[in-house]
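Below: a set of structures, written as structure tokens.
Okay, so chain A shows up in both of these, paired with chain B first and chain C after.
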Partner chain A sequence: MTEKLKGQQIRHLLRRAGFGFTPAEYLSYRDLDYDEAVERLVDFETEDNSALDALIESQNFDFTSGDDIKRWWLFRMLFTRRPLEEKLTLFWHGHFATSLKKVRNPYAMYVQNRLFRKLCIGDFGNLLLAVSKDPAMIVWLDNQQNRKGKPNENFAREIMELFTLGIGHYSEADVREAARAFTGWQVKNGVFSFNKGAHDAGKKLFLAESGNFDGTQVISILARHKQTGRFLAAKLLHFFLGPNFDRALLNKVAGAYEVDRQIRPMLKTIFLSKAFLSRENQFSLVKSPCQYVVGTLKHLQISTIDGDLPRLLSAMGQDLFAPPSVKGWDGGTAWLSSDTMMARFNFANRIIGEKMDALKKQGSLKDLLAEKGIDDQGTCVAYFLQLLVEGDVPPPVVKRLEDYLGKEPFLKGAESKTLLDERLRGLLHLIMTLPSYQLA
Partner chain B sequence: MNPQLQSNLKLDGGKTSRRDFLALSLLTLTGLAQPAALADRLLDDKSGRRRCLVVLTLSGGNDGLNTVVPYGMGRYYDLRPKLAVKGESVLPLDGVVGLNPSMSELASLYKEGKLAVVQGVGYPEPNRSHFRSIEIWQTAQPDIIGDTGWLGRYLDLQDKNDLANRMLAAVNIDPVLPKSLLARKITVPSVYDLGDFRFKVDSHYQNDRERQLSCFRDIYKDYQFKGALAGQLVKTGLAASAASEKLHKLTADAASKSTASYPDGRLSASLRLIAQMVAGQVGARVYTLQMDGFDTHANQSRTHNGLLGNLSRSLKAFLDDLECRGVADEVLVLVHSEFGRRAQENDGRGTDHGAAAPCFVLGKGVKGGLYGEHPELEASKLVQGDLGFKTDFRSVYAALLEDWLGSDARAILGRSFEKIPFV
Partner chain C sequence: MTEQVFRKCSLLLSLAAWMTMPNQAQASEPLERRGEESDRVFLPGNFFTPAVASAPSVKRKPSLASVPSLEQLKLIESLTADQSKRLNELFRDYKSDISALQAELKGSPDAAAKASLQARISLRQNTLMEALKVIVKTEQMDELERKKKGMTSDSEVENLP
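This part shows the complex of A and B:
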């Protein structure tokens, strides 16, 4: 395999298993074999993350503030040495979508987020059980009000429709029976508490099994269910690989789940599959707003986070800790509306405007070009296109961007310094608005 | 309904090839059509009137029983021991049903003949999943997983000249495009906050804006690249840049021309923006928006009454605003939800997912009144504890499509439905 091809594969992997990369991060993966890179990303527990912990310590986040927990998480995405851990945490946040808008308790959301991170890659049964007892989830899906005699079906329905089996694999009767099993699972003084008096200990008939089930047993039945493996496999494939996969790969990923319900082997199967590296699957996913934002900051090595970054993400359609519904974010083309695309363009504009001003370390764009020995329009456009979209644009675009830079003597003469700065910022802005830049 | 308009729409809609249409709508979107003549051309519309439909979705499943309260049915009070609205506080529509007391503005509109209440609206074999049920409402295809929306299919049927004369065929006031607006021939833009909906450039270099925007448009217009997402990215990007430029021009004038006072909140802001677009002659046939928070599984009363109060005040302000701007004749509003809620309240002072529920249709052009029957509440008449539907939601759509928008409901809905005569 050529170095060039391997480089492409590693960068693809870093985009999918994480949120993009800084030049330094890429260098630290570049010399690994592809399989070794997968292993390093997936077996992330061995990666020393103490620098991140120290950085977070220094920020004095207030975990009872909704804005602060959003900034805290963005900080993690940006500075972690375990990108897959954060990407999976985001996956589970979308899967077990819970929103501040109803929970109204940022600290509970923070606790839930830590739970996702801690259990993100191990036994799904453990994760499902922990989530079912999680205070934010109990409030979110009203299990607090689920009592013997008058069950509240909200949690019971969603645990099957959205968390495990998917629609069509259970009946309305299963919903009613499962709701009975979860009666009495409540929050008391901010932590899980089993209220025996509210629990219906009677016999239930659930998914063709019968017994005096409680919530733990229902969860065990659901986690062992073959359809759960298939449902999770399809969802992980869509999230990490994209829509182009065949039944054989789906079966293989689902098969990896069936062994002992671990998420880790499912991910290895996906990243090591031929389909993952195929040309058609590279740049085949619409970047989520988190990916767009965090990836941009990483690419351009911008290491400060604006206070209102959470608001900008929300304008792009991804308000962290506040997904639009119990179904989480649909992703894919659902990220694309004229309004959310405009929000991306305007984020890019802010980055190349205000943020570039703050980029003292990197010096001005002009210095950057001098350092790289770039002194004409063609080389300049090619350099930034390679940096931001791997050069993956139709040829007329290159020409049009060169025209945008203009015919004035490039990089020469002090009188055009302001003009040069204007055009270089404009160029970066335009590249970040390209259709190609919306894809990962 | 004007027969001329109908035949006009039917004729050309069928003949347009997809390629022609796309070229044409992109031409319009990218500003190559003549904006100066736009207002005049709209007045040439053979109906002589400019009509549009606003579809407001109450997201989460609105509790119909506590919205249009069957205070004359004794069973209601058995089913809702804690949540029932007391008979004496209901705002009566007739001797049996009345509006929730939080909705005094809607009660006034009802008296003025501007509000139609359609009772017991639903569909066969109700689905209690939020997502499937809203998908059924949005696609109007309960039996298949459809990939176009009922409003999208309406837009697809439009006369291509008519659409070309309109700045935007439809606008969604929300960050996420609902499935109802998925069309084959056009991409409907979404706008949430008009202030942010603008192609911005570095504040140091405002003079460069036109150069950047022109470069952006050139690139997007010819962007050829592989992959399934290419088309949608390009169309959405072009729609975004074109729509934003136009909306800013149009609404800049319209913004100051009304004295209507809206309550605070997102719904009001969205409705106000729609009023500005209608008055600014954006020419959209359809606007969609949603209001969240109706999934009231627990401690429902305070939340639900608050939502209904906000809904009622916002809608009243919207109609006042339209009146003030002289466009009240042009707009009809449909208010619906994906489903109603379980007849019997649950033990947490809330209600679970249900089935049939009432819809509202309001505006100056509506024949106000109570339509359809209220579902029976006797245990034997409930369907798995839920209200049985009395009116298929497609009967509501059929009336809006044919009698208001002058289109062909049968072509859009796949078969004929009895029309509810509220127009």
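This part shows the complex of A and C:
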């Protein structure tokens, strides 16, 4: 494999397993073999993240504020040394979708988010058990009202439909029996509490097994069910690779789960697959708003998060801690609508403005460009296309971008300073509104 | 307006067309060839690299004094029904007073009047804080402070049998 191809693959990996990369981050990965890069990203516990903890401490986030927990998470996505940990936390947030709008307790949502992060890559059974006892989840899916003799089936239904098996792999009778098993799983004083008086300890018949099951035993049956492995494999493949994968790869990823319910080997199987690295798969997934925003901040090397960033993300269709339904975000092309695209373009305009203002303070644009060997329209367009979309645009678009920069001699004469500034801002904005920039 | 709608539609159509032809550029030009230039552009020292790196931070508007909101106070787990009721009443009056003062402040003509109103707002915040101390116990306020700081008592991971 050539060094250039390996570099492309590592950048692809950093986009998919994380949120893109700063130059410093890329530098720290580029000399690794691809397999080593995968190991480093997936076995992230070995990365020292104490600097992030110290940074967070210095920001005085208020974890009882809905806006601040959103800012805190974006801050983590941007500055963590463990990008896959945050990407997986986002994956589980969508999988076990829980919304602040109903829970109405930012602190409980923060606690749930910590839980996702802590258990994101290990034993799925342990994660499922912890989520089932999580106060925000209990409130979200009404298990507080699930009592012996008056079962509430919401949680029991979703744990099968959305968290483990998927529709078509359980019956209504299974839902009713599972609901009985989860009776008495409640929240008291902000923490999980088992209310023995509200629990139905009777015999249940669940997925062809019978016994005096409680919630933990139902979770155990679900976690070791073969279909759970397939369901999770398909969701992980969709999220990290995209919708185009074949049955053989699905079986392989599901097979990795069957060994001991671990998420880590499933991810390694995905990242090391030919399908993941294929040419067709690169720049084929629509960026989520988080990916778009955090990736842009990384690309432009901006280290200050605007306080209203959560609001902008919401306008792009991804309100963190408030997914649209129990199904989470659909992702893919569902991210794209006239309104959400305009929100992306407005964000790009604003962030370019901030960056260019900052750059102008450190020297003339003309000199900055000249330092990079940019001395005409062609080199200018090529440089920024390579930097922002790895050159992934058809030749006619390149030509139109070059035309946009104008016919007059580029970088010539002091009188063109303002024009150069305007054109450069315009060029960057145009590139960031290109279809390829919406893809990862 | 029509022009705006037209622009939005055009954007969507062009993106949709692009999406139906995935990797058009890649198909016509192998990645290996597109990557012929060195990867220097992705490394430190590229056009966007700041001359002096600034420390990561979040820009936020300074919050109004240190008055907790009613919603925050309701996060105190040990709050009794009676305390909750008294807090509702306290905040109903407080919000009404503060809204009136802020409306006055907004329409205030000169700096001196503004300063006077700011002082009255501060005074009203102080009286709220004093009243809160009567209703909410110190240990309950400490509990809220711990939550605000994100302190948790993370339990041990429970292993599924």
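Throughout what follows, the second predicted complex is superposed on the first by the 427 of 440 C-alpha atoms of A that agree within 3 Å, B and C clash if a C-alpha of one lies under 4 Å from a C-alpha of the other, contacts with A are read in each partner's own complex, and residues count from 1 in each chain.
Definition applied: a residue touches a chain if its C-beta (ideal position, glycine included) is under 8 Å from a C-beta of that chain, and two chains touch if they have at least 3 such contacts.
Computed from a predicted model, the values in this text were never measured in an experiment.
Look at A:146: by the touch rule set out above, it reaches chain B but stays clear of chain C. Of the two partner chains, both chain B and chain C are touched by A:284.
Look at A:338: by the touch rule set out above, it reaches both chain B and chain C. In the superposition on chain A, A:353 contacts chain B only, with no contact to chain C.
Contacts of A:172 after superposition: chain B is touched, whereas chain C is not reached. Comparing chain B with chain C, the partner in contact with more residues of chain A is C. Of the two partner chains placed around the shared chain by superposition, neither chain B nor chain C is touched by A:41.
Contacts of A:327 after superposition on the shared chain: chain B is touched, whereas chain C is not. By the touch criterion defined above, A:369 reaches chain C but does not reach chain B. Of the two partner chains placed by the overlay, chain B and chain C both lie in contact with A:394. In the superposition on the C-alpha atoms of chain A, the part of chain A touched by chain B in one complex and by chain C in the other spans residues 280, 283-284, 286, 333, 336-339, 341-342, 345, 392-394, 433, 435-436, 438.
On the side of chain C, the complex with chain A involves touching residues 8-9, 11-12, 14-16, 18-19, 22-26, 28, 30-32, 34-37, 39, 41-61, 71-72, 75, 77-78, 144, 147-150, 152, 154, 157-161. Residue ranges of chain B in contact with chain A, taken from their complex: 59, 128-132, 172, 175-177, 189-193, 196-205, 208, 211-212, 215-216, 218-220, 222-225, 227-230, 232-234, 236-237, 239-241, 243-244, 292, 295, 297-299, 346-350, 352-353, 384.
Residue ranges on chain A touching chain B, taken from their complex, read 101, 141-142, 144-147, 149-154, 157, 161, 167, 172, 175, 243, 280, 283-284, 286, 315, 317, 324-327, 330, 333-334, 336-343, 345-346, 349, 352-353, 392-394, 396-397, 400-401, 403-404, 422-423, 425-426, 429-430, 433-436, 438-439. Within the complex formed with chain C, the residues of chain A that make contact are 2, 4-5, 7-8, 11, 21, 23-24, 26-27, 30, 55, 59, 61-65, 71-72, 75, 78-79, 104-105, 107, 110-111, 114, 118-119, 123, 125-126, 128-130, 133, 189-190, 216-217, 219-220, 223, 279-280, 282-284, 286, 299-301, 303-307, 333, 336-339, 341-342, 345, 355, 358-359, 362-363, 368-369, 372, 382-384, 386-387, 390-394, 433, 435-436, 438.
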